[in-house]
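Just below sit the structures, each encoded as structure tokens.
Note that subunit A is present in both complexes that follow, paired respectively with subunit B and with subunit C.
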Partner chain A sequence: MPAADGSAEEFRRRGHAVVVGASLAGLRAAETLREEGFAGTLTMIGDEPHEPYDRPPLSKQVLLGRTGAGDTLLPRRRALEARWLLGTAATGLDLAGRRVRLAGGEEVRYDRLLIATGTRARPWIKETEAALDGVLTLRTGDDAARLARRLDARPRRVLVIGAGFTGSEITSACRERGIDVTVAERGPAPLVGALGGVVGAVAAELHHAHGVDLRCGITVTALEGDPAGRLRCAHLSDGTTLEADAAVVALGAVRNTEWLAGSGLAAGPRGVACDAGCRAFDVHGIVTDDVFVAGDVARSPHPLFGYQFLSLEHWGNAVAQAEVAAHNMVSPGPERRPHLWLPAFWSAQFGINIKSVGVPPMGRELAIVQGSLAERRFAAVYGHQGRVIAAVTFDHGRWLPFYGRLIETAAPFPPDFAQVDRAPGGPRPIPAEFPDPALPTHGPTVTLSGYAPSERRVTFVPARV
Partner chain B sequence: MDLNRCEAYAQCAFQAPDVFAMHGEEALMYEPCPGDERREQVMRAAASCPVQAILVEWPGGPAVPEGAATGARG
Partner chain C sequence: MTSATLLRRITDYAARADPYPLYAELRRTPVARQEDGVYAVSTYWEIAGLLHDPRLSSDPRNRVPTAGEEDILEEEQGLPPSFLRLDPPEHDRLRRLATRPFGPPDSPRRVSDMRGDLARMVSGLIDGLRDRERADIVEDFAYPFPVMVICKLLGVPHEDEERFHVWAEAIVAGLDPGEEGEGPAERRRAAQRARMELGRYLAGLIEDHRRAPGGDMLSALAAGHGDRERMSPLELVVTAVLLLIAGHETTVNLITNGMLTLLRHPDALRRLREEPGLAVPLVEELLRYEPPVQLLPQRTALADIDVGGVTIPRGAPVWLVLASGNRDPRRFPDPDRFDPGRTGNEHLGFGGGIHYCFGAPLARLEAQVALTELARRLVEPRLVTDPPPYRRNPVLRGPRHLPVAFDGCVP
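Up next is the complex of A and B:
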């Protein structure tokens, strides 16, 4: 049993690495394992029947009809020589016996395991309504194919439930195709959970400028079908009824951790807790040495953000964390690296490129340091306890690395650098207007989930079986 | 495409206009799996990207543009 004696070298030569989750994080981790000289057996387990594919184009090019939903396969960095178990969900984990249980009953033994099971779209809360023809979600390639076919059929009106990033990108694609859209958002503005109310107000203007029927402070109370089981209309919390041929539920994501219930890992609705080296914690808050975590399903402490555990549903995080996890899987203790990636993401909607670095929801205040909100072209810097904690740009992405360095060096907030095109005295901070975190909203891309899993305030709640 | 890296220099849209297009001033649209007849265009686009945001693989073996080979990402 190569890993039992803790010998990374033995594992590297002859071990069995099992990667559960065959999407971006799983693929990049597998490639990194091979890149770093892992010569053992590699098994890739994925619940979807498809080879690893890229998801960002699904809510953009694919919905616009420019790219087929099956045409977003991820480019490979190298050949893997792996055994692929696709269309096979992992259903359980036996930590003591080092075995992953599969849906078909088969068991796969591992020496070292990487958990990269990601998230899935949060389904509509009422099952019978979710089953109506015309009620859709968007997460997988198959979801995107279904939604693209729907849009090809020229629906008279689409209802988008939730104005986070996914919901807003779907809305944007519909409008670009000339399809009428109503958006129902529980919060006061689109993107408010991720970027706050000040920037959210600009997102709301974008919706209005593109002819979206945007309804904020509204929830959908029921979806109603006709006798044939087709969606007919939605009932809204303001008492009105809206006729729609399709409803896209864009209420964020659910982490795929149910299969780990009872395994003894610190896994729950907020993800699988791991250390900065991507090693999973068990329920006692003790780090394991042969189970690693990467991607959307991981939550790990970040030194730049007070060692708070962060869950990042970001494309770039999946890549960076997978690389660190794989490196650490084949490296002895002193050579292991921490995952210190600066959170970053992008979104294209209504012809605007929205980018972010850092953790905007930690910011209490923001300052517009370039451009202006009125032009919808700007860079906003977010502050937390007197330092720069995040930056968000609308069509100002080229300057983002500069703000990234401010975050990494804990530069003071409000920023004190000289600006050539601004009034003297520096930018004036204003409240960033994040909603009360106790109120649910949609589409935060960073979840702050407390400190160490062993801390008293954090309670382990096993997933409902 | 690593659009975290992309800074909208639009070199790819000049080199491979059938594959890459600016959508607005800064957002980039691209064809994720362009046909083999676009190979030369795409390789030129990948080579000309100032921030090396384009990763290319063709059937018959992965090909990584120079500079992106380490996979180090900001």
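Up next is the complex of A and C:
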């Protein structure tokens, strides 16, 4: 049996690669395996019954009725010659025996495994309320189809809970279709967690300009149904009640790692930890050599950002990390590559194209270097310890590669040079206004046990939700 | 050979048929100062970086004129610059307004809806070759086709082609920085006069469209978009001039370069005939291998820019040699090979950054339809002369004529 001895060549010729997760990262990884000459057996396992499809259109074109939810299949780069187990969730992993357990009880042996199980929408916290007709989330194609149908039925008012990127895109689509929307956001402004309060204030203006009933600093305390089980209204933390035909819960994502509980991998609510070469860590922090991770579920150290473990729910990251993971699965040690992707994402809402590079929440300050906040078209650069750490653009995305270079070269903050469309008076650093990071999180913990070096063990403790 | 004379040799007409060995020489110094103060950038990553660098201006008013270029600001006396030669925020506003009747988000179907028209025009032109054994691909096909397309798109009467053809030629010649003929200064003045003439012609046409609008772009631009911001009448004329010229002077070369390349690579021609789906990557490869716009000679550094180990000083003119970057072996494996199935082909053929070719989706579709049909219908096509005679212009480079022989056409 190959791989135990790390023989990449043997694996490449005759090995069995198993990919758990049949979305963007899983598909691109599988294609890269074949591209790089992997001639062995390939098994693709996915819990959804659909072939791999693209998700960004689900909160945009699909909700506007321009594309059907089933029409966003990902283009294929090449034929895969894989065994597809779709509609089949993985339920467990036996690291020592190199086996993946499936929902039906079947087991699939692997020589090398790629974990790309991604995330799912964080459900509404109270199950009975979440089950009401009219309470929705948006993550999958089926979710999008349900929400699109709901919007087709012309609801009198939609409540969007959470004004992150997904929530804002849903809100934007509703307004474009002329549907009244109320947004309940716990923070002081939309997008505040990702982009900070300064840019969040611009997002808030966009909401207002498009007729959104935006309520910040507000949480939803309860969703109430009628006797038939249909959503009737929401109770808000300011004591008011809001009637709504539909509520979309857009409170971020939960990483699909439950199936790895007890497997011995360093997997938990924050994802599966892996090294820069996409190899998973076990719970002791020792790197494995036959289990790889890519996409939204991965959490890996990035040298450019102080070797912090980043988990990125970005389309481009899923593709880049999948390619690196697949390359490393079939390559001997010296030929392996690090995943050094510069974080980047985009969003389209209220007619504005929003793009970002780097890690904005690491920035304590920002400076507007092009355009202006007032015109809602600008490039903002974020600073961290005297250097450029991120940039965000509103309708200015074409310049972003330049700011990406500034991040990669650790350029001084604030950047100050003559340039086109320079903000009047030049860039002046101001606080970026991110929420206090000392707030409690859902992070997991570990405990150490044993005394002798050979007995020291780490035990993973799931987060108390 | 110093690099100073190298750029001159590239713009020299003798190099027109095959400038690529000179580009390879140029790439040895990725950012090369010329004796007249121009900085020529010839390698992929450096060009790509500068295309997205806000310290580089496209506005000639930021230029410190070099010797022999004192007249460059005279343009101000003619029509104001189009968005091609403006920086943000003016550029962004005008381009956004011009995009409304042309592409997403307001007109996502404009280009794809033209596919039927394009196919009919191509069929008609090839039908005209049925009883012949020889043709000039330029005169008989690659020139008339894009002109029909841009006329239809803008709403310009095709029968006026003879009038605006002369102006278009003069305007394009004004981009030629070469020292030959009457020289660049005189060509720029002639171009300026032609721009005024063409502007006057289009102003009249726009007025007609305002009174009796059609489904074309000029009508849409003249009508505006509800109560949203709109172009001033002068901005509209300047934009119309730009679209008419850009829409028909570059696609001619893309199609002609394409046919020439296919005839030089019979395997690719045969593959295209057998699998028309190949047209998509093939046209991308063409844009890399023989781009119709070879270089961008009109940028100016607004600050000192460190690139490729060189500091380009503030105020210096910068030439981005796109066609050279497209052959950079650090970016494209085996760059001098024409590989119609090439993957990861992020070429510089349409430029990049905010000035990325406005008409790219249309140019792509035109070339895909044209080359697929030429490949399918011409029987045993072959070159009569290789290389064919070229136009003088080193910026918008392409054959003046492309004589081919063939054994008739299939329906």
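Before moving on, here are some points about what is shown:
In this text, the second predicted complex is superposed on the first by the 430 of 465 C-alpha atoms of A that agree within 3 Å, B and C clash if a C-alpha of one lies under 4 Å from a C-alpha of the other, contacts with A are read in each partner's own complex, and residues count from 1 in each chain.
Here is the rule we go by: a residue touches a chain if its C-beta (ideal position, glycine included) is under 8 Å from a C-beta of that chain, and two chains touch if they have at least 3 such contacts.
Everything quoted here is computed from the prediction, not taken from an experiment.
If you put the two complexes together on subunit A, you find that subunit B and subunit C bump into each other.
Contacts of A:A418 after superposition on the shared chain: subunit C is touched, whereas subunit B is not. Contact with neither subunit B nor subunit C is seen for A:G426 once the two complexes are overlaid on the shared chain. Looking at the shared chain after the overlay, A:Q370 reaches subunit C, while subunit B stays out of its contact range. Put simply, more of the residues of subunit A are touched by B, taking subunit B and subunit C as the two choices.
Of the two partner chains placed by superposition, subunit B and subunit C are both touched by A:D395. Contacts of A:A79 after superposition on the shared chain: subunit B is touched, whereas subunit C is not. In the superposition on chain A, contact is made by A:R405 with subunit C only, not with subunit B.
Judged by the touch definition given at the top, the superposed model places A:G351 against both subunit B and subunit C. Shared contact residues of subunit A with subunit B and subunit C: 77, 351, 395-396, 398, 401. The part of subunit C that touches subunit A in the complex is made up of residues 48-49, 52-57, 59, 87-89, 92, 105, 302-303, 314, 343, 353-354, 356.
Put simply, subunit A touches subunit C in their complex at residues 77, 351, 369-371, 375, 377, 379, 395-396, 398-402, 405, 417-422.
By the touch criterion stated above, subunit A contacts subunit B in their complex at residues 28, 31-32, 35, 54, 56-57, 60-61, 64, 66-67, 71-73, 75-79, 315-316, 319-320, 323, 341-342, 344-346, 348, 350-353, 355, 395-398, 401, 404.
For subunit B in complex with subunit A, the touching residues are 2-4, 6-8, 23-33, 55-57, 61-62, 64, 71, 73-74.
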